[in-house]
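Below is the structure I would like to discuss, written out as C-alpha cells.
For clarity, chains are labelled A, B, C, D, E and F in written order, and residue numbers in each chain start from 1.
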Amino acid sequence: MEQLWQSTGVANLGWGQVFMMMIGGLLIYLAIARKFEPLLLVPIGFGAILSNIPIAGIAGDQGLLGYIYHVGIETGVFPLLIFMGVGALTDFGALIAMPSTLILGAAAQFGIFITLLGALALNLVPGFDFTLADASAIAIIGGADGPTAIFLASRLAPELLGAIAVAAYSYMALVPIIQPPIMRLLTNKKERRVVMQQLRPVSKLEKILFPFVVLLLCVLFLPSAAPLIGMLTFGNLLRECGVVERLSRAAQNEIINIVTIMLGLAVGSKLSADSFLTVETLGILALGAFAFCIGTAAGVIMGKIMYRLTSGRVNPLIGAAGVSAVPMAARVVNKVGLESDHHNFLLMHAMGPNVAGVIGSAVAAGILLAVVGGAAQ
Amino acid sequence: MSVADLLLEGVKLMVLGMGTVFMFLMLLVVAMTGMSRLARILGPEETPVVPATQTATGSGPREDKELVAVISAAVRHYRARHR
Amino acid sequence: MEQLWQSTGVANLGWGQVFMMMIGGLLIYLAIARKFEPLLLVPIGFGAILSNIPIAGIAGDQGLLGYIYHVGIETGVFPLLIFMGVGALTDFGALIAMPSTLILGAAAQFGIFITLLGALALNLVPGFDFTLADASAIAIIGGADGPTAIFLASRLAPELLGAIAVAAYSYMALVPIIQPPIMRLLTNKKERRVVMQQLRPVSKLEKILFPFVVLLLCVLFLPSAAPLIGMLTFGNLLRECGVVERLSRAAQNEIINIVTIMLGLAVGSKLSADSFLTVETLGILALGAFAFCIGTAAGVIMGKIMYRLTSGRVNPLIGAAGVSAVPMAARVVNKVGLESDHHNFLLMHAMGPNVAGVIGSAVAAGILLAVVGGAAQ
Amino acid sequence: MSVADLLLEGVKLMVLGMGTVFMFLMLLVVAMTGMSRLARILGPEETPVVPATQTATGSGPREDKELVAVISAAVRHYRARHR
Amino acid sequence: MEQLWQSTGVANLGWGQVFMMMIGGLLIYLAIARKFEPLLLVPIGFGAILSNIPIAGIAGDQGLLGYIYHVGIETGVFPLLIFMGVGALTDFGALIAMPSTLILGAAAQFGIFITLLGALALNLVPGFDFTLADASAIAIIGGADGPTAIFLASRLAPELLGAIAVAAYSYMALVPIIQPPIMRLLTNKKERRVVMQQLRPVSKLEKILFPFVVLLLCVLFLPSAAPLIGMLTFGNLLRECGVVERLSRAAQNEIINIVTIMLGLAVGSKLSADSFLTVETLGILALGAFAFCIGTAAGVIMGKIMYRLTSGRVNPLIGAAGVSAVPMAARVVNKVGLESDHHNFLLMHAMGPNVAGVIGSAVAAGILLAVVGGAAQ
Amino acid sequence: MSVADLLLEGVKLMVLGMGTVFMFLMLLVVAMTGMSRLARILGPEETPVVPATQTATGSGPREDKELVAVISAAVRHYRARHR
C-alpha cells in the first residue's frame, strides 16, 4: 500500500514542479487566449508540463522528450532545419529592392550587445554568476529570432536554454506592446508621416542570386555564422529557384511543421524546476525586455540618421522593424505609421529591415560563437 | 575572472561584434547593389516580379478572389470530412 | 559455383522463414481483400516478409528494419507519436457531453486483467512459461488499442511484440464479427431498443480544458501513464486550441502517416520464425480473442447496470464500445442497435465509451508499467 | 515463482488494476462535470459547437454536400494527375 | 587582431575549397538554367558549397551535414526510403502488359559490367588505383539510377560517393544528348519506323500481384538485392493495393521530398576538395559517360535482336530506355521515334523497358554486393 | 592483386553478373506471364484498368478536363495563399 502510494504523483510532486507546470499552463494560456506565438508556445508549454511530471521521467535520458532533445537540439539540427524553413518562407524582395535598409537591421543588433554588457553587470548583484558564454546566450534574445536564440543557447549555455527560449518567444509576442511607445518617444510627427516612394520591382534573377551573395560574404568573413546563414539561404534558394517546387513545399510545410512540434516539446523539457526556478531566470527575463527595448531604440535612431542623410525620404519608424520578429515588427511599424497618416502604408518598406534583422542577428550569433564558443560549431 | 575583467571583455566583444555586424551588412549593401546591376545586364528585361510580400499580405488578383473563397471553403469541407 | 549457390535464397531458406513469409502474405491479403486494418497490416505483413529473407539481414543490426526498430520502437518514440496523432484526430465531444460513459470505458478493461490471469494460468500447460511481464504485455491486447499495445509490449516483453501487435490489430479488425453475438447474448430486445436522448452541445472552451483535466488526474494519480496520456492530450490540444492549425495538420497527417509506415515495418520485423513460430504465439492468439470477448461482455454488463440505474435511459449496447477499437466498435454498436429498431442511431452515444476506452487502456497500461515494469518508463 | 504464486500476483494485480482504472475514470467523471460547470461560468454563452463526431461520421450540412461532392471528385482527379 | 583575422574565411580558404564551391555552384547553375535533375542537383550543389566552408565544419562529425550523412547514408536508410518512394510513384502497367521488354532492361546493364572492366583497366594508367569494390561502385553509374548508385557506393566505396552520385545524376540529365546519336547510329530508318501494337489493358489484380512476383524471385535467387527490391516493391504495393491511400501519399510526397533534401545535402557533403579533386574523379566522370553509352548501345542492340525474333514487331529504339533514367530515357525514345514518323508514339512501349531497367540495375547492384561486398548488407 | 588479376576477376564478375541479370529477368518474364494468366483466372472479368502511364502523360478523360483545370488553378491559389 505504501509502495502504491509512493508510485502516485501526489506523493512525489514537489512545489517546484507544480510551479513549473503552472508556468507551462500560463504559456499555453497566453498562446491560446492572447495569440502569443502559439506555434511555439503551445508545444513549449506542454513540454514544460510533461517534463515536470514526477516519476514518469519524460524529459530524462530514456524519456521521449529527453530523446528528442538529444537528437534534435544538442546536435543543433532542429533550429537549423527551422531556419531552412524560414528561408523558404521568406521573400527577400523588399530588401533587394532597397539594400540600404540592411543598415537598419544592423543597428537593431545593438540590443544584443548592450544586453551582453547588462548580463555581465548583473554579476555585481549577489546571486548572479553569468559567464561570458552565459551572457552571450542571454544577449541573443535581443536578436528577436527564435531559432537563432535556441541554436546559440544550445551551444553556449544549454542549462539556460529553457529560460532564453521562453523569453525570446514571449517578447516576440509582446512586440506590439513593447515597441510603439519607444517609437513614438524617439520620433516626431513629421518624421512618422514620411511617405516612402514605392519599391522597384525585383527580377527573378536577383532573387536567385541573393542567397549566393549573402552566403559568399558569410564564407569570406564570418564562417562561424555559416550553419545559420547557410541553411537560411538554402531554404531561400529552394523557394526562389523555381525548379524544385516539391522541395520548397516540403521545407515550408512538412519539415518546419514537424520540427516545430518536436523543437517546442524539447525546449519545454528544459523548463525543469531546478534549472528554471532560480534568480538567474528573473535576470534573463528582465534582460530580455531590456534587449528588445534597446534594439528597437537603436533601430529607430539609425532610422532617424537615414532620414537626415536622405533628406527625409526614409521614414525612421521602419528602423524598429530591424529587430526581426518577422513579420510582427513590420506590422507594428505599419500600424504606428497609419496612426500618423491614414494613407501611409509602411508595411512593404518595413519588410526590408525586418528580414535584414534576421541576417543581422545570425551574423551576431556567428561572432559570439566564434569569440566565445571557440570556432567549433 | 573578476566582474570588471568580464565587463572589459564584454565591451571588447561589443565593439568587435557591432563592428562586424555593421561591416558585414554594409558590405552586403555594396554586394547587393552590384548583384542587382549584374542581374540587369544578364537578364535582358525579364518580366519583373512584384515583390512577393504583397501576396503574403493577402492582396491577390481580384478577379478570382470569389472563386477561391468558394473553392477554399469546399476544400476545407472536403478535408474535414475525409481525414 | 558452390559459393554462388550458397548466396542464393533457395539454399538458405528455412521452412520457418517460408512459413513466416506466408503469414506476412496472409496479413496483407486480409488487409487488402477483407480491409483488416490495412494501414497497419500492410506494412506489418510486408515487414514480416522482408525480415525473413535469408542472408539480406534486413531486420538485423545493420539492416533497415533493424535500424528503424532500434530508433523508433525500442525508444518508444513511434507509438507515442502515433498516440499524439490519435489525439489530434479524435473528437472527445461525445464523451464531454456525457462523462458517465467513462464508466463503460472502465468496465471494458476487465478484458485486460482477466486475460492477464488467463496468461498466467496457461503456465499450467506444458510448453508455456509466461512471466508476469509477458502476461501483462499479452493482456494489453484486451485494450484493443494498437499503439498502447506496442508501447507496453516494447517495454515489458519485446520478444513477444510481433505476436502481440498482430493479435491486437487482427482482433480489432474482427470486432464486427466478435462483438455482435456477445452483445445479443447479454441483452434483451427491450434493452437494445432504448433510444437515448440527444447529446448536449459542447463548447469550445470545454474541449480545450478537457486535455488538461485528463492530464492533471494522470499527473496526480498515475504518473506512469503520463507518456501515453501526455501525448494523447497534447495531440488533442493541438486539435482543439484553434491557434496551431499547421501543427494540428502535421500531427494528423504527415507525422502519423510517416510513423505508421515505419512502425508497421518495424513491428513486422519482429515476426521472425524463431520468435513467432512457438506455442506461445498460439497462446497469445487464443488469449487475444478471449480478451476481446471478456472486454466486450464486461462493457455490456456495465451498460446493463447503467440501464438499471438510469431507469432505462442508457442503451446497454454502447458498453461494448468501451473496448476502444475506435471507431469500429462504435459502428458495430450502431449496427446492432439498428437491427432492433431501424431508427435508433446509437453512433454518437457509442463514441463516448469508445474514446473513453482509449483513456481506460492507457490507464491500465500505466498501472502495468508501474507495477510490473518498475517505475521506469 | 510457482504458477500458484504467479496467479496470486495476477489476482492482486487485477484487483489493483481494475480498482485504479475505475477510480481514475470515476474521478475523471467528477472532474469533467466540474470542468463543464466551470466552462459555463467562464464562457459567457459562447456559440456552442456541435460535437464533431457528427462531421466525422459524414452528416455535414446538407446545402453544400453536392458542391463538396463535385469538388472532391475534381480534387481527387487533380491529385491523381499531379503527383 | 591576428586571432580575429584567423577566424575569417579568407584567411583559411584553400584553393581546393574555392574550386569545390565553384563545382557546387556549377551544379546548381545546371539544375536551374538547364533543368539538370534539379531535385537532386540543387541540394547536392548547395551541400558541396556548405561543406567546403572553412572553420564552420558543417560536414564534420559535429556538423549538420556530417550528422545527416551519418544517420541517413552510412546506414543506407535514405536511398532505401527514396526507392520506396520511387516504387510508390511508378506505374509498372506497361511492363506487365509486355513482360518481354524485361530483356531490354537486362541488356542495358551491360553498361554496368563493361564499365567495371574499364575501371579496372584504368589501373594501368599511373595515378589510378581502383580496387574491385571501387570499380563496382563506379560501374553502377551505368545503371542510371540515383538511389541505387548512392546505396551501392555508400556500401562499397564511401570515399568515392560524391563523385559517383554527381556523375550519375549529371549523366541522367544528359540522357537527351547522349542517347540519340547512338540510337540513330545503330538503327536504320525502317527499324525506327516500326509502329508497335497497342498495349493490352492490365487489371488491378495483376498490378497488386506484380510486386510479390518480383520480390519472390529476389528472395529465391538474389537475396542480396532484397533491401533495394524490397523497398521498391513495398512502395509499389502501397500504391496499387488501393486500401492505404494515406500511406501511399506519404511515400510519394512527404517522405520522398524530405529525404531528397537531406540526401542531396549529405551527398554534397562528400564533395570535399581532398576526396573530389583527384585524378580518380576525372576517371569516374569519363567512365560514367562511357557506361551510359555502352548501356544505351547494348539496349538498342538487344532491341534489334527482338526486332528480328518478332519479325519486326518490336521497335529497336525502345531498347535504349532499358538504362532506366525514368522517365527521361522513355521520352528520348519517343522523340527519336517521332523524328522518323510523326505519328509513331513510342512512349508507352518505352515505359516497359524503362521501369525494367530500374529492376535490372537493382539486380546488378545485388550481385555486386553479394560478390564484392560480402553477403553483408 | 596485379591489374591482370583484377581484370580477370572483373571478367568473371561480368560473366556472372550479366548471366544473373539475364537469368533473373527472364525468369521474371516467365513468372509474370504466369501471374497474368493466374490473374485472369482469379479475377472474373474485373474492369480492366488502362495502364496508368497514360494518365501520367496527361491524357485523362476529356469530359472533366476543363473542370479539373479550373479547380486545379483554384486549388493552387488556395494553397499559395494559405501556406
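Basically, a residue touches a chain if its C-beta (ideal position, glycine included) is under 8 Å from a C-beta of that chain, and two chains touch if they have at least 3 such contacts.
Note that the structure is a prediction, hence the values are computed from the model and not measured.
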Note = Farthest chain from chain E by C-alpha centroid distance is chain D
Ask   = In terms of residue numbering, is the interface formed by chain A and chain E classified as same (over half shared) or different (under half shared)?
value = different
Query = Of all the other chains, whose mean CA position lies farthest from chain A?
reply = F
Ask   = So how far apart, in whole Å, are chain E and chain F when each is placed at the average of its C-alpha atoms?
value = 15
Query = So what's the Cα centroid distance for chain B and chain D, whole Å?
reply = 42
Centroid distance [mean C-alpha coordinates] between chain F and chain C, Å = 36
Message = Two or more other chains touching the same residue: where does that happen in chain E?
response = 221-222, 249, 253-254, 371
Message = Show the residues in chain B shared as contacts by 2 or more other chains, in ascending order.
response = 16, 71, 75
Ask   = Any idea which chain C residues touch chain A in the complex?
value = 75-77, 80, 208, 212, 215, 218-224, 226-227, 230-231, 234, 237-238, 241-244, 246-247, 249-251, 254-255, 370-371, 375-377
Interface residues, chain D side, partner chain C - complex = 3, 6-7, 9-11, 13-14, 16-18, 20-29, 31-33, 35-36, 38-40, 42-43, 46, 48-57
Inquiry  = Considering only the defined contacts, which chain E positions touch chain F in the complex?
reply    = 91, 93-97, 99-100, 102-103, 105-106, 109-110, 112-114, 116-117, 120-121, 123-124, 132, 135-136, 199, 201-207, 209-210, 213-214, 216-217, 221-222, 327, 347-348, 351, 356, 359-360, 363-364, 367-368, 371-372
Ask   = Along chain E, where are the residues that touch chain A in the complex?
value = 7-10, 12-13, 21, 25, 28, 31-32, 35, 38-39, 42-43, 46, 49-50, 53-58, 60, 62-64, 67-68, 253-254, 257-258, 260-261, 265
